[in-house]
Amino acid sequence: MGHKTFDRGIHPSYYKELTASKRVESAPLPKTVTIPLQQHLGAACEPLVKKGDLVIEGQKIGDVKAFVSAPVHASINGKVKDIELSQHPGGVRVLSVVIEGDGTAKEWSGAEIDLNSIAPEALRDAVREAGIVGMGGAAFPTSVKLAPPKGKAIEAVILNGCECEPFLTADHRIMAEEPGKVVWGLKALMRATGAAKGFIGIEENKPDAIEALKKAVGSTGIEIIVLEAKYPQGAEKMLIKAALGRKVPVGKLPLDVGVVVNNVGTAVAVYEALNYKKPLIERIVTVSGNGVREPKNLKVRVGTSFEEVLGLCGGITGEGEKEVLNGGPMMGIAQSTLSVPVVKGTSGITVIASGKIKPEKYDPCIKCASCVAACPMGLMPYRLGDYGLKQMLANFKDFDGQSCIECGCCSYVCPAKRPLLQWIRMGKFFIRREAQRAAAKANNNKATS
Amino acid sequence: MNPVAKMFLNLVVVGALSGGILAAVFHKADPMIQANKEKELKEAIFVVLPEAKDYKTLEKKVGQETLVVYEGVDAAGAPVGIAFKADGGGFQGNIGVMVGLGLDYLKLNGIKILDQVETPGLGNRIANPEFQDQFKGIEIKPKVEYIKNRKPEKPNQIQSITGATISSDAVVKNINNAITKVLGEFPKEDLGKYVKKAAAPAHAGKDGKESPKESNDGGK
Amino acid sequence: MAENNHTLWYEFKKGLWQDIPPFRLVLGTCPTLAVTNSVINGFAMGMATLFVLLGSNIIISAIRKYVAPQVRIAAYVVIIALLVTVADMFLAAFFPPVSKALGPYVPLIVVNCIILGRAEAYAQKNPVLPSIMDALGIGIGFTLSLMTMGLIREILGFGSIFNIKLLPPSLFEPWIVMILPAGAFLVFGALIALVNYLSSRKAAEADKA
Amino acid sequence: MEDKTIDKAELKSAPETPAGPGGERLFVTSSPHFLNKESVPKIMHTVVLALFPAMAASVYFFGLRALLLYVICIGACLATEYAFQKYRKKPIKIYDGSAIITGILLAMTLPPGFPVFGAILGSVFAIGVGKQLFGGLGFNIFNPALLGRAFLMATYPVLTTTWVEPRTVQKAVDAVSAATPLALMKFEGKLTPVLDLFTGNVAGSLGETSAIAILIGGLFLRYKGYVNWKLPLGYLGSMAVFSGIFWLIDPSKYPDPLFHLFAGGAMLGAWFMVTDMVTSPTTDLGQWIFAITGGIMAVVIRLFGGLPEGVMYSILFMNAFVPLLNKHTRPRVFGAVKAKAE
């Protein structure tokens, strides 16, 4: 205790000891990869290759002109087998390029370049070209974050090394094993945004990472902020509040308080993109959970199927129903099939065995206020849940339901096991649909008049 | 007909007829109502002054209010004691007590609770005979006192009702206050001076009207 | 004036269940809550109300064609006030203990919504005979309601019916709360629920048939 | 009406490659996929456990009669709960422990010599009117046990205020009735030694006499995390401060704060009734207002009201304000802009 933090939040059991001290292993080359053309928030890419084309590792295979997007690259050498709709771990089906590998791989290396020799604009372009997106899970294109709108100055870049999700240790290992790359990446991000200050926020439960980074930072002026281990410390808004004491206003972005937050994994990707000219085709994935025989931290090519990755860890084990999650247990998305590929935003694959963790029946709300005490956004989830479920949308809006960041703290703490977050999502969904319908109606009216 | 005139006529007719009927009913009923009140008062006085067979009403103006005291007389017309009402706040509302005081101005002849709205089953036990009878023969000097959960030891003590201390306390307080007032204003030797008029032997019908306290009760 | 075709019997019986004032119409709740701590009080209050209601319905129905609509409420109120005063005096003269127990609630019949409500809703639109039946029905329904309240409250609150002790005090400890206003609300709520439940069941059965 | 969601639906309808290894179906639910181990019955049963010290103390001080009252109240509460759930065709949930708590708390507010029929009546009212008529667990506005106690207070005013001395100080002869420390203070101006109040060696309701036993249970609950520390702290704190002001003004007329905290139902109320989850506010500010105002109310009733004890009515009174407090003391949404100037 005594470390900086934000208000409320929860202290779940972390189970990080399963993989926290396991060095990252490189996964063997996959035989085929399925690379979705949309692995980021924003516009989907158009395919740049055709069926039957030969591609090499790092070759751009999809891009689009839109500002909010990032190109995708081939992650292995081989031949384009197919371009088809395929299940994305985000839950939808998107157009994907299937590449059959030829078993060869490329070596990526290069000398550290002098940052001062590159213009910020060039840095940004390089980041975009490398297809770098936020690697914490949300997969927001990094280049967009680095290009603030005119009139808004960025004062500080914060690297997010909190990794507050239970089970996940990918960021932890990155910081412990490659602190130099992290710090260099942060400097590059600072140069790209023109920020004077750089911070790295780490939770107190990763002492070896803190130690390693402190050594790497030396006297560069970058500050390492040790934060309390609490969920959701890694949520952007919470991190900014904890580290700098600034609150991002409702409906605004970190930019509005002069801050950009990036994941430590992103910083390493930036390092490799600038020095090795290596696009984002590989990432570190924590494979853990009580349903995995041998939990591991693996360096995996984008496009490798979950089934293959799990196979490298001894496969699924355990009794009862199993949930395979893209991400950690708090915010991860459950998969209906193991054929989904690892994407740029896959920070972990968590397998929860025994579906009993989530009972089907829930009890009436006893107004214990646990959810109110847990909600990092200062909402009243027990009410929002009711309003969402009953579609009382006016009340839902009045109680600021749309500020929900879907961290799941409310559902986690609820002693009555009420699926609060699910109901809040319903509320948000109905409001969105209502707005769409209203817009459609307005359009129709315009057309007729 | 002119509508305004019709409205006017309507109201006049209805009003006049109603007034007439009311006057007629009042003429019949009022004596009986007054008699009922008189009877009630008389009964109360006779309870607290058991030897009295009739009473005289004594009045004295003290500032704004008029103090009323009833002097009980026996069959021969000789005074047997005085009775007066003691009002005051109880636990929930007013408690009205009729107090009978011996002519020696030393001992109570008895009391009767006239009105009370104390908690049923608890405070309203002040109206039970067990409680009221305790006051018979109680000395009023220096003042009436109550004690809890024990038998009274001194001649000026009564035992309060278990669990209804506030109501018991209120009764005792009211009695003490009223005694102080009456003893101050109606000294023993001056009693005769304040006689309003000799009590009518059969129907003391008009007496009630002269007592402001009683006409207040009539409004209930 | 629209005159409906209901039978006189219908006009009478509707007040006994279908439009029973305190429970179905939720009218006249003030005396229902205030004076029903014994059957006798309920009965006396009900009878006083019945008398006023009957009188006002007869008079208003009889004069309905002669009163200018603009002043009708004023005229009705005068008539009702007259009847209430008469009732009050009658009770004070002949039944002083009842009069004392009912306290200010007899004069308050003037503002009882049932009286003016029936005058407005019924008597001023209908001839004398149906108005009498209406007043009798509503009045008796009201009296029965008050007596039911009084019965329950007296049994539980005093352990007696018509001031006759049912059980020796060693066997039954009276529920004081039933004599208090709180008890009136509890019984009133329970009876409204019961009446609603019974009529909804009746309606369901009627639907089935 | 053309809807964008339709396109998505078409995509989803494309054939799926099912399942995991060996064709096993995977379990798909919405996040979070990880819940803590709390549950309503667990909370309730822990509260029951926390009530044990006070129950044991009352059996020690008042004998087997106390035990009988506990058994009767718990049994009657469970039976009423069962009857209502059965009649309303709801799932029978009498084992969730909430009715047991109501039964114990109700018994704790009764005098040791309270008759059995009264205890049953109070239990039926507490669960029936106080809880099930509102819709069952979680929907009641008032603390059911206190509502049952208030009903008994109005129904049997004599029986609910007839106390006996604890066995430990009873004189050889049959001591029929005794006065509680608060009644002694109010009507006779006598103060009971704080040590006796603390251990519970005084006349009073079953569960409220022994401050130390209640404190043990309360702190155990706090340790378990089922008591929101703001509520007992706010309630007892405001009682102490408010009564302390009067004590400082005139120590001869008003008792000291320690007396207020340890006498009567203050401890029991503060640890087990103010903290009732269902009937206390859910917001931080609301909880403070609820607890502090409740404490002040209790002292006001004790010092200036007609009754010697004010804890029960103060809590019931504040219960009525909980929906209002919840509505108007919503926490500040993270990053909320102060004034919506636009």
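The letters A, B, C and D name the chains in turn, as written, and every chain counts its residues from 1.
Keep in mind that, in the parts below, a residue touches a chain if its C-beta (ideal position, glycine included) is under 8 Å from a C-beta of that chain, and two chains touch if they have at least 3 such contacts.
Owing to the predicted nature of the structure, the values given are computational and were not obtained by experimental measurement.
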Hey, which chain is the most central one here, using CA centres?
-> D
More C-beta pairs touching across which pair, B-C or C-D?
-> B-C
Counting only C-alpha atoms to place each centre, which chain is farthest from chain A?
-> B
CA centroids of chain B and chain C: separation to the nearest Å works out as 34
Counting in whole Å, what is the centre-to-centre distance of chain C and chain D, each centre being its mean C-alpha position?
-> 42
Length of the line joining the C-alpha centres of chain A and chain B, rounded to whole Å | 88
Counting in whole Å, what is the centre-to-centre distance of chain A and chain D, each centre being its mean C-alpha position?
-> 44
In chain C, what residues contact two or more other chains?
-> 176, 180
What positions in chain D touch 2 or more of the other chains?
-> 156-157
Topology of the chain contact graph, where touching chains are joined (line, ring, star, complete, other) | other
Between which chains does touch occur?
-> A-D, B-C, B-D, C-D
Please give the residue numbers of chain D that touch chain A in the complex, ascending.
-> 1-5, 8, 11-12, 14, 16-21, 24, 26-36, 38-40, 42-43, 93, 96, 136-139, 228, 277-284, 287, 326, 330-337
Footprint of chain C on chain D - complex, ascending = 115, 117-118, 121, 129, 151, 154-157, 159
In the complex, go through chain D and note every residue touching chain B.
-> 156-158, 161-162, 177, 179, 183, 187-188, 306
Across the complex, what residues on chain A touch chain D?
-> 7, 10, 12, 85, 87, 92-93, 166, 237, 241, 247-250, 252, 307, 315-316, 321-325, 329-339, 350, 352, 355, 357-358, 363-370, 372-373, 375-380, 382, 399-400, 403, 406, 408, 411-417, 419, 421-422, 425, 433, 436-437, 440
Show which residues of chain C lie in contact with chain D when the two form their complex.
-> 173, 175-178, 180, 182-183, 186
